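What follows is one structure encoded as structure tokens, with my remarks underneath.
Labels run A, B and C following the written order; every chain starts at residue 1.
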């Protein structure tokens, strides 16, 4: 990739380091706002809910799951594109990845963290959440390994661990670069973070090998995580949830909303971190193409879902689909179709894909639609199961809506902290795309084969 | 690798049909829909026996009633040729219970008497079991319930009071089963006699629509019900293998 | 489960009840009540902590008189169950019987005597001692008694039977008053009148549902609210599926499907008030087709001539073919049984209707036989439940007397006429004229709130008493009601209050007993003397009865299987009179007794507020039932609040679209609409009794509570009904499955043979 204007290695160093050390009042104000929103909208109502019980939310019999679980899937979904996309692009040598992958991976990390807190919020007795973790104990009580929720615990823990290592490992050379350009406490922090990176060939070699290895490992992991999340639903026998297509449906949905999330984050970084030169139209164009493909696959699966429901001819499946399309929650369904299936068709046009603001709006719309999708999966299916006399309706409570908003603030807060600690675009990989400042002789051992291809 | 073989062997054993039948008892309830009048006596009897809370009008309106057995009603036809059927719905104590597989902490499990048991203390409140249960008979404690004094004096000391965040449901009045077993043991008997255990709902039913007993005992009244030509399972197609058997209503021609 | 007939019964009595219960053990604890309010640190001898003690006693939640066993632990009542030895309940209980513990442990109970301070009714109620209360009341009573003005004292009780009723009679008589009245909204006085006219019987017969093969019920909600729901439930279950190869058939005739209508094999809506005409049409068919061959056949034929099937079909709206079919089945299926009650007995022509219905039993030979109508023996104690019952017109007279200052003192015992009489009776206003109102109620209620002196009674689970179910079960049954827990509060058993007053008034010659228990022990000597026991000596007999929870005689009365000859020619049912013109008030109003709240007396029990109404699943409120066609014509859907207006008032409640009600009838449950009945009842729903027209049944003077016309006005408001039901249609999911075959003999079902998927080994 070629940056839009001629930039030198020094420019990159300067720009990135500046984004870490020069903190304007705007940043602090934003941080203050997001922290307060997080406290007021997430922690305060959650505290109330812990005192009162899950009854603070709107869930009921038969809709015992609600927005908390929808948010959980949403955040897990959002987490998908980051690391997954980064890995895919890494092993397919897509150079345009380099400017954006770090923040995309951060997105993964933070969405996963928010997702885990959503599980806490969802539980009736979160103070006993450790019981879902297999640890040796005096009572010899183990979790139930047959439970898809148990699979979830495993999968998410693994994915979180993998993603954390992946992003951290990829940042080590940059930590070192920043370490060498900072002073004071920052310097000490980066000394620790860079793990004594010196930039030797052996180090580069090992890093490259490990990085590629992890990238290959994480792809199936990411696919499996969302498949497993889908099994929370699909392994039940609830009409409209008990579907084989759910795993691919969830994976595609996850990548779809994740990619849209990346577009949003790219926009913000570009605009507010002054990365105009690194994040360019090219990125939006490529992401737009990807989004378009994903939206088509997603739409296809939705159509399949309706078709199989209709074709099944059983009262339960048919009713579940009918209710989704025309029942109480129908306006939400059609909103979702508009945002996730119809509006993305605009991206057929290159002009649209390369316009920043329209792409921002669309990416936000897609994620609103995708949130709606998760909500509908829970709400429409649970409220219409096998016994019609037990049907009911569920409306989220204020506490739930507030927590939903608060969780977004939590994500933003985490991200704001991240951008001040992690170089949010990869210094060394950007440099690889620039013309080298002066001809440089190759080291004796010869350039590691993998490196020039990066 | 021998441990894998061991694992597979026990897995197969576990999935073998009739797995539960090797246990001493297989508690079963039969519900004769031709007798049930929908009077709701069973509902209140269960509430009294099992310390079910009064949730209050507001919570009830939100759909958070606590009634381990409920009467569902289904209308057929239009006025004047209209019929109303009642069906008591309670935990079916499925032998292939979907609720049991999903619980991450094994708070709900199958006990050796074939009951779908619920350990309140172990439950972390994921509510997944309620989603997985096709009969919608699992009730969640959305908050801590409270009994206006002295209504609390009525609480049954043999049954615990559940706290917020915990799932609960019909236990087949396990405290009464225990008591009957203890009694049998004290009397030097190996087995509980048919009719000796009567859950609260069965006990009160004025029309004697409910019968409870052990289907491993071929002579028991429920065994007869199981073999009755009118016997069926609700949502049989789901293969949950319930321990509650319904006897079909007899729909006679007019006149 | 065993069901009991009189042959089994003897074996059970004396063999002991379910537990070790014996109320006499509690005698000591009653004397020192407060001791046992504390959890036992050192338990009394008879208790083992952790081990339940069962006491047999009698349910008083309605007038059926079921025998119950109460499970107690550490001195607290935990659970009520039916007493298996009692022939009425046979171990079973209805929903209200289960909720008795919420009466006992109700947080809104009155905890001690209260006196209204200061002059005038709005004065505050202040706590006083029992001695003060009793002596002040005795003083006032004494003044009137001494002046020979005893008749200015009125004693108004809920329906009470057995020795307590006797005690009331003795007491009121000693006061020199003739004003002893029992008042219950739902007392079947028209049935009493009809049975009296038809058979010359002053007591109700026993309807043997258990052994019948075909039941024709005209409006009687025998499974929900009529006379003895638990016993009828047992009978229903047995008749349906308790006999090899025989399945009883049930037909229900009523304008709005009740619980019994839902259970029936066939539900038929006849025009309201024409149930009797329909019965006569059936009678006409039976007689004219030769189904009746008695010697008075000609007389019957003559008096039924006016009720040809065709004309009856026009009047009732029931097709002629249906009438003929019902008549044929009724005559051909032996034994069959016709019963009538509920709304059918409470139109202006109620007695005539019930005479017509019961006459059917005569025509097909159902009298005095198994599965038919069996005459009960004379009551063992007292003059029977109908003897002192006040009708609506008696209550109007009472109100009139009160307004004219002829009532000086009114003593109320657990009855709430301000709630259960229509506004049109102006009873509240009349009460305001009475200088001294004393209430013995255990709860504050609409009537008690007007009292000047409140001497609260124990609940039935804390007091001694006895009960002789009426109608019985074809033979004499009695049971002693014993305290199962020590009294919670500073209250007293009603009998003890009366005896206390008697002592204070110096009436110890007529009422010499120190307390209710002593009185009962003495009175039961008389029952012991009847000789129907194997017990040696009275003490043993008494203990046996307490243990078994029931006493009985198995001799059945041989009664003539005939009707009063004079009735035959007068048989006939006038068209019903409805109050309000059909132009202004297009709908016939059908209030009905709630399965859970009874006539409103159980509205203060949280369990009863929270148990769904069986037919609609609504809880915690009132609703107006409308036929779907009517509703759609008026553009109403569930939750639309409508005003129901009669010529005598209006109430507003949300609509419930009810699939089984006639298009020109609207129904409302009775029970809600309290404003002085404690935290669980107050401010919920409305009381449909309020708007009833003071239309009376022509013969008894009872309130014809099914004879009001109303109109509906949408208010434009909407509220969400609180209910459990989602969509009450099964959408082809075969949740409730049916079969055509009545009996066994088909293929044997083989459940539990569906293989769980096997992983091949």
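Assume a residue touches a chain if its C-beta (ideal position, glycine included) is under 8 Å from a C-beta of that chain, and two chains touch if they have at least 3 such contacts.
Source: prediction; values computed, not measured.
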>> Edges wherever two chains touch, nodes for the chains themselves; is that graph a line, a ring, a star, complete, or other here?
In response: complete
> Of the chains shown, whose Cα mean is nearest the mean of all protein Cα atoms?
Replying inline: B
> Given the two chain pairs A-B and A-C, which is bridged by the higher number of C-beta pairs in contact?
Replying inline: A-B
> Using mean CA coordinates as chain centres, what's the subunit B-subunit C distance in Å?
Replying inline: 32
>> Measuring centre to centre with CA averages, how many angstrom lie between subunit A and subunit B?
In response: 42
> Measuring from the mean C-alpha position of subunit A to the mean C-alpha position of subunit C, what distance in angstrom results?
Replying inline: 66
> Hey, what residues on subunit C touch two or more of the other chains?
Replying inline: 617, 724-725, 728-730, 733, 735
> In subunit A, what residues contact two or more other chains?
Replying inline: 386-390, 392
> So which stretches of subunit B touch two or more other chains?
Replying inline: 65, 70, 72-74, 235
> Inside the complex, what are the residues of subunit A that reach subunit B?
Replying inline: 52-56, 58-65, 122-126, 128-129, 131-132, 141-144, 146-150, 153, 232, 235-238, 382, 385-390, 392-394
> Mind pulling up the subunit B residues that touch subunit A in the complex?
Replying inline: 59, 62-65, 70, 72-74, 89, 98, 101-106, 122-128, 130-132, 134-136, 138-144, 164-167, 235, 238
> Which residues, counting only subunit C, touch subunit A once they are in their complex?
Replying inline: 617, 724-733, 735
> Okay, in this complex, where on subunit B does subunit C touch?
Replying inline: 11-12, 15-17, 19, 32-35, 37-41, 43-45, 47-49, 54-55, 57, 60-61, 65, 67, 70-76, 78-80, 82-87, 95-96, 148-157, 195, 200, 203-209, 215, 226-236, 239, 241, 245-255
> Of all residues in subunit C, which touch subunit B in the complex?
Replying inline: 1, 3, 50, 73-74, 76-82, 91-95, 97-99, 101-102, 104-107, 223-224, 229-230, 232-234, 236-238, 240-242, 247, 249, 257, 259-260, 262-263, 265-269, 322, 325-326, 329, 488, 595-596, 606-612, 614-615, 617, 619-620, 627-629, 659-663, 679, 684, 720, 722, 724-725, 728-730, 733, 735-742, 744-752, 754-759, 761
